[in-house]
Each structure stands twice: as C-alpha cells, then as structure tokens.
Amino acid sequence: MALLEVTGLSKRFGGFVALEGIDLAVLEGERVGLIGPNGSGKSTLVNCICGTLTNETGSVHFDGQPMDGLLTHERTRRGVARSFQLPRPFVTLTVADNLRVPLLYTVNARAGSSLKSADIHARCAELLQLVGLAEKAAKLPRDLTQVEMRKLELARAMAAEPKLLIADESMAGLSQSEVDDIVALLIRLNERGITIVLIEHIMRAVMRFSQRLVVLVSGRKIADGLPDAVIRDAEVEKAYLGQ
Amino acid sequence: MGLSFDLLINALIAGVLLGGFYTAVTIGVSISFGILDIVNIAHPAFIILGSYIAYILNINFGIDPILISGVMLPVFYLLGAGIYQIYYEAFERYGQESLRGLSFFFGLLFVTEVMLILVFGVDYRYVEAPYIGPSWRIGMMDFPLRMLVPCVTALALFVALQLFLSHTFIGRAISAVAQDQLALRLMAASPTRIKRIAFGISIATTAVAGALLIIIQPVEPSVGRDYIGRVFAICVLGGLGSLPGTVIGAMLLGVIESFTATFYGPSWAPAVAFGVLLLTLAFRPAGLLGR
Amino acid sequence: MRNFVFLLVCVAVAIVVFFAARMLRNDYIFFAGYTVLQFIVLATAWNILGGYTGYVNFGSAAFFAMGAYATVFLHKLYPQPIPVLIVIGGIVSGIVGFGMGYLTLRLRGAFFAIATLALAVVLQTFVVNWDYVGGSRGAYIIRPNENVLVGPYIQYLFVLMLVLVVIALVCARVIERSQLGYGFATIRDDELAAEACGVPTLRLKLVATTLSGALMGMAGAPFPYYIGYLQPSSAFGLEYAVNSIAMPMIGGTTSWVGPLIGAILLGSLQQIATVTISSAVNLLIVGLLLVGFVIIAPNGIVGLVQDRLRLRAK
C-alpha cells in the first residue's frame, strides 16, 4: 500500500486550472523526483498535499488515512513535512531554535509531550551536525549564506521527524558541489527510512536521486516511471523543448 | 399607510444618494487596500484634511468646494506619492508591513486628527454653496441637492477611475501589479513606481471626497473615525480589488444606514457600518464581487 | 533568573514603590501613578498579542472599557469588592477577545486589525444606547473614602493596580520563555512556515487574544472607582488605543521590558505635558513619537540599547 495516495486531485484559481485530475502514489521508502516547467503546478500540488491550499476535487490519503479537511499542522503531525521553495526561516529565532520549533510542536506533540528538554536538545544537536550547521547554531538566519539557508530549510523539515519529506526546489542557485552535497544528504536521510519526494529543475540532481520520475506539465501528469525511460519519452521531450 | 410609504421611499433615496457619496470616500481604499494591499487606515484623516482645506478656501474666497477639490487633486497626489515612498523605504522593502505599517498609518491618523484639533478646535465647520439647502421634489420623492450633487460627482469620479484603470497603460499596469509583478517588470515598468502612482491617486481621491463630505454634513476633526469602519466595510463587502464592487457595497451600506437611522434613530448609525464589517469578515470575507 | 525568583523580585519592587510613594505625603503621586501603572498593564497586555504574536489590536479601548462597564453594571446591580470585579472584568473581556478572535483570526492580520477597530466602535455604540449603565450621559460611581487595610482609597486602588502590574509582567515573562512563546514568535515571523512545523496557529492566536483581552479588562475594572464619573467617550477614548500601541512600539516589542519602559516614559511624559501644556498637545507628541519610532527605531528603546551593547562588544 502506498504511503501517500493522491487521487483525482484538481485545483483552480478563479478561471485558471492549476491542477487537473492528478493521480500520484508514493510507496514507503521511495525516492520520487517531480519535475515540470515553471507554472506546471508542482508547488500547488505540494500545497494541496500539505493542506496550505484546499483542492476542489480528489483526495489525499496518507498512511491509509484520509487527510482532507485537516489543517496543515495536523498533517505535519501525521508525518508529512515540506520545505519551502524560497526559504522561510523564523527570522527572530536562532538556527537552533528554528529546529526546536518542529521538535516541540510536532515530535513532542506526537509523543504526548513526554520528551525531556535534554532529549530535544540532543535531537536538535544531531540534526545540526547532520546538515553541517553545528557551528552556526547560535546565529540568526540573516547571518547565513544561501546554501546554509537552504540546509536550514531542509533541516527544519527534517526536525519534524516525518515519514514523508517533500523538498521543494531546495537547490536553485547552488554550485555543483553544493548540489551534490544536498543530494547526498537526502539519500542519507532516505537510507534512514524517510520517503522523499524531490521537486527540482536541476536534472543532474534529479537523475542522481530519483528511483522514479513524475512529470507535470500545465497541471497534468504526463509521465510517471523509471527516470531513464521518462527522460526519453517523446511527450516529455516535447514539453521541455517547447517551453 | 401613505405616510410610511413616503418615509420608506425617501429613506431609500437618501440611502442611495448617501451610497453614491460613500463611493467617493471608499474608492481610494479600493485602490490602496484592494489592489496594493496597503492597509491605509489613515485614509479618512486625509478626507477630513480635504474637508478643512475646502472649508478655508470656501469661507475666505467663496470658491465652490468641488472646484477647490479639483485644484487640490495634484497636491494630494503628491502627498500620497510622498507617503508611499516613506512607507516603501521604511517597511515594504523589508517585508515588515504588517505590524509596523499598520502602526505607521494609525500614527498618521492620530497625528492628523490632533493637529486639526489644535489648529481649528472642535467646533463644527461647514461650507456654503448654492446647492446646499434646496431640494428637488418629484411627487412624494425628495432629492436634497446637497446630497444629489455629491452623489453625481462621486459616480463621475468612479467612472473616470474605472476608465483610467481599464483603458490606459498605467491604469492597466496598476491593475496588474497586484497579480503579476514579474510580467510588469518585463514590460519595463517598475512596480515601485506603479504602486507609487496608484497610492498617489488613492490619496488624490480624498481631496474630492473631503469636499463632498463637508457639503453633506458639518465636519469636525473626529468625524474621520466614523468613516474608518464604513470605508473598510464597503471594501470588504464589495470585494477587494473590484471597483464596481465598491459601488455596490457603498450603495448597500448607504441604504442600510439610512433605514436604520430612519426607523431606529441616529444613535445606532456608527454600529451599522462596523457591524456589517464584522459580519462580512466572519461569514463572507471574499465579499460580493471579490477576487 | 527563574520565573519564581522574578515574581519575588517584582513583588519586592512593588512594595518598595508603594512605601516610597507613601513617604512623599502627596496624594497626587498616587493619582498620577495609578495612570502610569494602568498603562503598564495595557501596554504589556497589548504586546502579548501585538509584539509577541504580530497581530495588531486597534481596539484596546474596547477591552478596557468592557472591564470598566462590567464594574458599573455590577455596582448598580449587586456591588462587589474590587478584587472580585477585577476577576469578572478579566472574564468578560477575555470572552470578548475569544469571540472576536474566533470570528476573525482565520483571516489575514490586516483584517484582524480592522476588525478590532470595528469592535471598539460597535461596543461603544451599544454602551451609549444602554441606559442602565448611564448611556451617553454617563454613570456616577461613589468612591468610598477609606479602605480598612491601606488607608486612603486612592492608595488602595494604587495597590490593586500594582498587583495587576506584577501579574501582567510575570505573565509576559513566563510566556516569553516558554514553548508558547516560541509558538507566538513563529506566528509573528512566518505563519505559513509555523503551520508547516506543526504549530497550531489558530489555537495559539486565540490564546493570545483571550489573554490580552482579559488583562486589559482587568485593568479597566477599577477605573470607574478611580474616576468617579464614567462616560463612554472617556472609557472608549482613542488615547487608550494609541497609548497601548505606542508604548510597546517605543519601548520595544520583543520582551516584557519594552512595554514597561515605554509605559513609564510615555506615561510620565503625558502626566507632565497634560499639566503644563495641554492634553491635545500631549496626544500629538505621543502620535509623533509613534510614527517616528516606527520608521527609525523599529525595535524600540530596547532595540537601540541592544544594538549599542552589541557594537560595544565587537
């Protein structure tokens, strides 16, 4: 059974159809890549899965349970976490405190508030170490570099200890080695058991990371399968060449 | 039976005329809040400022208030552009509009009111014009000219703005700036400049609204506060970003207020607008024609 | 400093303040001091919703006045000792805060701010039309001359307000350092990201609104006894709205210290200005300071001091 099951999902904004009849299944432990031209609806899809936007038709099931009508924070508590395309750190909190928030409000909440503060502190430190931000723990987000901000964004999503992590264009504007860094990090996470959906434009990262590739164009899914096959698909080529 | 029908129809007429005037009052906010997303709660303060300027020039030189407002349009436009520049430099650029921007405009509202009290005192001021006083009578229907002239002027202002927004390059750019800043940049129009022009226009309308206000009723500095609720109630009721929605919302509110005043007494009037606002926010925040 | 120690320090300072005021042998100190203390409570209460959570309340007067009018109502119906009135005022205003929050907090912050303005006017109109509490004519509250424990009645009121100040400051500081405080800060910084991190934003916003409203209602409950004659225009006066915003913004919104400093400075300034110049000029000064600080020193006096210290440390 799929961990995430999206069925027949549609979303419109006034007259504009952002998503039309999207079906998507993500199995537990999978690494799925989601690509598509600008404006194809990728972020809208993420927003609908996470509850930030409400879809008109279709449903979202997670871990066998329907999520329709649940608020975003409830979905996060169920185990779906996402990072934002443009990093949105909590600017008045330190780097470490940024990670504390999901630990307190999601992980601790799930555990019925039974975690001790030492435990939370330890998890926070471990995450900082994992993404390489341990030295910047006491700094404010505005003192971070671009790469570090994106790492913080990812780390914060990971701090919610999700079953499914949706990473929304975490690598735009990074150098090649920085991209490789993040891909390696995501693969490490996946090896710990976290299912990951990676939304990206950087084909090198996507091809290296994905076990399965899904393509969205103008709000519709036009391909879904093994990365090598999808890349060679005629329709996908046309969609990208045509843009 | 005949008496209350007479009362009814005149309350309706008064409401519609009032609604027309309310359009002038609100149209600026429809631009600044509906399109630019700037919560300028100091808007009524500028209207009162416009009223006082009309008062000074009318009392000292006998010029017609509406004419005065026409002359003041460019002055108020520059004032609006200047204020937007400060707002942009201090807040919008850093994405801190919410708390600080609101406090800024609230401070402006307050400072303007207090300065007017210091300069003019709290006595009511009024203007004189040939159409203040007489009414047209058609059968049992009463059209006081001091309400009719502002109503017609306000609707003319609305039509002019609507045409401007839909038929000129700058007007269309203003409508677009709410939705697509990137497209705007590609068209070689700076969003900041467009917003400045739009906000300038928004404040320019208060020159007209102020003149109309002091024609309709005597004015003293705290009158502006009654209009904060009306202005936002109309905007929200009509639907943000829709100028025709503003007209409909204004008419509706005018009629509701008129009926309330006629049948329940004027002391409940302030609650009407704010009550409508709260109800609309609670149950239909997108308004009637909103985006 | 642990919260309990902070509480003890506050109580100690309050006791010192009271006896110091007593030594000056001038009742005016108590009258003026009461106003400043009242502003400390209002500013601190406002800051919980405004500074910590980022939701601007323009209708502080409404919550304050509800506390005051609950007192008037009960005074006519079934008089109670003031501490009971304070609790009731807190409950009434807390409920109003909760109700209004429930209606409008799902919307953007700007709509909430406008709604608070609307609330103030609607409530004022209701009170103006409610003859039992005096309507627009106002209500007289006869103040007893003496209180058994403290002495002159004004000193009793002063002590009560000191207690409220301690409660408000301790509340603010406890919140600041707690998980709730983190939650509030995330709502202020980025509500969308907060939700994505599991923060139940609506619930927390309701807590902030209810608490803030309740504290303001508690501050308003003794007011009729202080002033003797309560009119809607004074209870709902715009100076409450402006001051509850100006004091935290000028003092600094990120901690409990800011509203305290802002209230003491501005409150004292206004007492002096009202007596020496005029009350209109005094309000003008507050308004100008608000606009000035908001543009130039957005983190208030506390922010300026922190910047100074940071520069010196480098």
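Here the chain labels run A, B and C in written order, and each chain numbers its own residues starting at 1.
Assume a contact is a pair of C-beta atoms (placed from the backbone, for glycine too) under 8 Å apart; a residue touches a chain by one contact, two chains touch by 3 or more.
For clarity, every value in this text was computed on a predicted model and none was experimentally measured.
**Student:** Can you tell me, using the touch rule above, whether these chains form a line, ring, star, complete graph or other shape?
**Tutor:** Topology of touching chains reads as a line.
**Student:** Quick one: which pair of chains has the most contacts?
**Tutor:** Here the largest contact count links B-C.
**Student:** Could you tell me the distance, in whole angstrom, between the mean C-alpha positions of subunit B and subunit C?
**Tutor:** Subunit B and subunit C have C-alpha centres separated by 32 Å.
**Student:** Taking the mean of the CA coordinates per chain, how far is subunit A from subunit B in Å?
**Tutor:** For subunit A versus subunit B, the centre distance works out to 45 Å.
**Student:** Could you check subunit C for residues that touch two or more other chains and list them?
**Tutor:** Where subunit C meets two or more other chains at a single residue, that happens at 188.
**Student:** Residues of subunit B that contact two or more other chains, please.
**Tutor:** none
**Student:** Which residues of subunit C touch subunit A in the complex?
**Tutor:** Contact set of subunit C toward subunit A: 179, 182-183, 185-186, 188-190, 192-202, 254.
**Student:** Which of the residues in subunit C end up touching subunit B in this complex?
**Tutor:** The contact residues of subunit C facing subunit B are 50-51, 54, 56, 58, 103-104, 107, 109-111, 113-115, 117-119, 121-122, 124-126, 128-129, 136, 188, 238, 241-242, 245-246, 249, 253, 280-281, 283-284, 286-288, 290-291, 294-295, 298.
**Student:** Okay, in this complex, where on subunit B does subunit C touch?
**Tutor:** Contacts found on subunit B: 33, 39, 41, 86, 90, 96, 98-100, 102-104, 106-108, 110-111, 114-115, 117-118, 225-226, 228-229, 232-233, 236, 267-268, 270-271, 273-275, 277-278, 281-282, 285.
**Student:** So in the complex, the part of subunit A that touches subunit C is made up of which residues?
**Tutor:** 50, 52, 71-73, 76-77, 81-82, 84, 88-93, 97, 100-102, 104-106, 109, 156-157, 159-160
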